[in-house]
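Following this line, the structures themselves.
Same chain, two partners: chain A is paired with chain B first, then with chain C.
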Partner chain A sequence: MLAQQIVNGLMLGAIYMLMAVAFTLAIGVLNFLNFSLPGLFMLGGMLAYGFITLGFPVIFAFAAALAAAALVSLLVERFAYRPMQGGDPEVPLVSSLGFLVLLENLMLIYFGSDQQAFPALVPDLNLRFGGLVIGIAQLGSLVLSVLLVLWLSWFLSSTSTGRCIRTVAESRDTAVLMGIDTGRLVPLLFIASALLAAIAGLLFAVNYQQVSPFMGEGVGFKGVAAMIVGGMGSIWGAVLGGLLIGLAEVLSITFIGADVVNITVYGLLLLILIVRPQGLIGRPATREKL
Partner chain B sequence: MALLDVSGISVSYGRVNALTDVSLQVNEGEIVTVLGANGAGKSTLLKAVLGAVPVKGGGITFADTDITHAAPHKRIGEGLVLVPEGRRILISLTVEENLRLGAHMRRDGTAIAREMDAIYARFSNLAERRNMLASCLSGGEQQMLAIGRAMMAKPRLMMLDEPSLGLSPLFVSKLFDLIRELNHDGLAVLLVEQNTGKALSVAHRATVLELGRVTMAGDPKALAADPALQAAYLGTGEASPA
Partner chain C sequence: MSGYLTGVLVVLAFNVMAAYAVYLPLAAGQLNLGIAGFMAIGAYASAFLTNEYAWPMWAAIPVGSALAGLTGLVIGIPVLRTHGIYLAMATFALGQVISAIFLNLEVVGGAAGYPVSDYVGPNGVFLAAAGVVVLMLYLSRTRFALYLTAVKSDPTVADLLGVSVRGIQVAAFALGAAVAGFGGAFYAHHYNFVEAQHFNVLLSVFTVLYVLFGGTQTVWGPLVGAAFFTLAPELLRASDQWRYALFAIFIIVFMAIRPEGLVTTSLLRFRRRKNTDGAAAASSEAA
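Let's look at the complex of A and B:
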């Protein structure tokens, strides 16, 4: 029973982990808490659902949903982030929140506010290890999420573009003096974080077989909580935080009751903020990021 | 035609004029030094040449190309690099990553590896610490790393902004030896310095900025002998230093 719940918690945690990593990219490099990301998470799930119900092949529906999320993220960069350069960092936060509300309501107009049933795409095949039951879709999501984060971490540490991104994270002024073309790099980061969020939304839809215009809010805010619990600006912190929040949520549903989920999750956040404000593996007062 | 030709540029920050009608040339194989008090506009001049601050009037050509409005990364790609004031080492990157960062616009992998080996051969301290975070280097080593990083961009002209600032006298001597060596190997240098004596001793030509305007320019020996300059910057005259 406990082992099964831990497995389920890790599966949910993988989705929070992707969201937390998406937020981490934005805040770690651009110092921008991008609240449009929950909207892009929702777009990933909702648009895939929309294209599938219109009769498009699944692969096309997924690709189109991801492409749309990336495109919208470029609009966020252009209209919420870029014009606010040089101002307070809170300003683009609010304008990106505007994008979240806009996206939610656009979907609301088209699909209505009800939960929609996302079709079961993966055969209902379960792997059994002793008493453990693991769904193929769950396992696939977890593996994909982990591979994605491993690849991202490798990319940041070992490629030339990755070094440029870490340079921007440490000092934007120095990056310009080193000839880093931030006009090219910043939109790239918006696309990367949008894809992470939209993939998380897709995985959520496939695993839990439901989508709604507001599906991004709960998951998005838990992604932010996961990022803070793990340690802001650190990718591995986001991974740890995401998995922990997923576990805390599933275990508290099982052993205490569904009503207290938010108390457990945000209680954990509060506890971390009191005991270890820099997060579990965040380092205080350094400029090191990612 | 000079390698770098700055003609009559002006730069302002808001309503404050930082540079007014400044002209300056650097020829192939030359070391040119820019002298002046704090706030005279020396750093602004280098940043304007790099393209990190916009110029209001005048023009800049580099290697016969008009770069007045080119983005910094375009200019660096052409071989115009800056070793910034305060070194600006990336402390969250390793020594080697800092060097590689200097070559981020190049795709010729084997040449990059060869040049990195040459830099390690020149600076053995950097070679020993290549996989450590750059934050563990001393000030002098950081300056060497900043220069090494600039060399990785394969420059034709290197601009150095106060490279001797905060270094021990031993390292200052090493630094000026290095600048001479690099120049001997064919690199043109535009040097901004507070250490006026040292700067004039390595330079082929010198320019003096005061409040954003060129007030003197010419042969460094003649400038070194100029009573007004001595009074202002060399500390040997009777007037108080600026």
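Let's look at the complex of A and C:
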């Protein structure tokens, strides 16, 4: 029973993990709490659903949903992030929130506010290890998430572009002086975090077989919590935080009740922030964020 | 006044109170994303006192507000050790925890909500909101407002000049919480019903939106922002389902054009200082 719930928690955690990594890219490098990411998460699930119901092949629907999320993220960069440089640090947060409201309402107009049933794409096949039951879809998304994060971590540490990104994260001014083209790099980062969020949305839709215009809010905010619990700006921190938040959620539903989820999840966040604000494996902030 | 207009104005009054609750800490550079939690404390505490102990409203509402302020004080001291985005996230988590606690508290109805027997009419609500605005206008003319600006602009310099930075931050946070509790207490007694689900993240976040939209440089910003956010969607009601989408587009475009918010210091001084500003700009350009 406990082992089964731990497995379920890790599966849910995989989705929080991707969201947390998406947030951490935007915060760690750009110093921008991007509230449009929950909207892009939703866009990934909703648009894939929309294209599939229109009769497009599944692969095409997924690709189109991801492309749309990337495109919207470029708009967010253009209208919410770029004009705000040098102003009050809270302002981009407002505009990115504007995008969240906009995306939710556009989907609401087109699809209505009801939850839609996402078609079952993966055969309902379960693996059994002893007493444990693991769905193929869940296992697939856990593996996919971990592979994505491993690849991203490799990319950041070993490629030239990755080094540029880490330089910008360290000090944007120095990066510009060193000849790094931030005008090219920043949109790239927006696309990367949008793709992570949209992939998380797709995995959520495939796993739980439901989508709605507001599906991004709960998951997105828990992704933020996961990012902070692990340590802002650290990819492995986001991984650890995502899995922990997923576990905390599933275990408190099982052993205490569904209503206390927010108390345990956000209580954990609050406790971490008071006791160890830099997160479990984050380094102490040397500069003011936000 | 028609019932519809009164209804809209009452919503406006509540939004104005919430906006000033966010504005106070923000004026000291702290983003409070958990204001709904403090509103919930004020609402539930005052409703509990009038319902269960038959306290008169004039006593229960200030006590509810004071309890919210006290919670802000007690929690603000550890939480304000964090800065910037960490503080924003801590308040965010705090708001979530508080409303989740009320959701599970069976003495106040839990998830089913809590009916409140005593009633405050619209005029009482207007009076309360006007009181909050007057208090803020008064505060903006005291040294306290100067301290807030100093702490926001440069905590190090403020500290060197002898301003107790942490004291000011905690005071602004707790006072903001008390204002939120005050609004929440009136909310409970006007609508005669409180449910924890109302005091969610989006309420907190939207309130921050009003304040930043109105602008944090002057004390008028939150008032203008709240008024705009309450009335504009009503005016767009004709285009029913598109109104929130249109509204969101407007926010994005507006913030891109005018990131400092609608009401700024220079806007208020524009007439008085038209000539001197022109001269100053010219000389700074020359330099």
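Here, the second predicted complex is superposed on the first by the 284 of 290 C-alpha atoms of A that agree within 3 Å, B and C clash if a C-alpha of one lies under 4 Å from a C-alpha of the other, contacts with A are read in each partner's own complex, and residues count from 1 in each chain.
What we mean here is this: contacts are C-beta pairs under 8 Å (C-beta built on N, C-alpha and C of every residue); 3 or more make two chains touch, one makes a residue touch a chain.
Note that the coordinates shown come from a computational prediction; the quantities given were computed from them, not determined experimentally.
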item: Superposed model, chain A: greater residue contact from chain B or chain C; value: C
item: First, second, both or neither for A:Met178, with chain B first and chain C second; value: first
item: Which of chain B and chain C A:Pro119 touches, first, second, both or neither; value: neither
item: Which of chain B and chain C A:Leu97 touches, first, second, both or neither; value: second
item: First (chain B), second (chain C), both or neither touched by A:Phe79; value: second
item: Touching partner for A:Ile274 - first (chain B), second (chain C), both, neither; value: second
item: Chain B versus chain C as contact partner of A:Ser160, first or second or both or neither; value: first
item: Common interface positions of chain A, toward chain B and toward chain C; value: 288-290
item: Chain C-touching residues of chain A, taken from the complex the two chains share; value: 27, 33, 35, 79-80, 83-84, 87-91, 93-95, 97-99, 101-102, 105-106, 108-109, 217, 221, 224-225, 228, 232, 259-263, 265-267, 269-270, 273-274, 277, 285, 288-290
item: Residues on chain A engaged by chain B in the complex (per definition of touch); value: 160, 163-164, 166-167, 169-171, 173-174, 176-181, 183, 286-290
item: Residues of chain C that touch chain A when the two form their complex; value: 26, 31, 78-79, 81-86, 88-90, 92-94, 96-97, 99-101, 103-104, 110-111, 201-202, 205, 208-209, 212-213, 216, 241-242, 244-245, 247-249, 251-253, 255-257, 259-260
item: Residue numbers on chain B that touch chain A, as the complex places them; value: 47, 50, 52, 71-73, 75-77, 81-82, 84, 88, 90-93, 97, 100-105, 149, 153
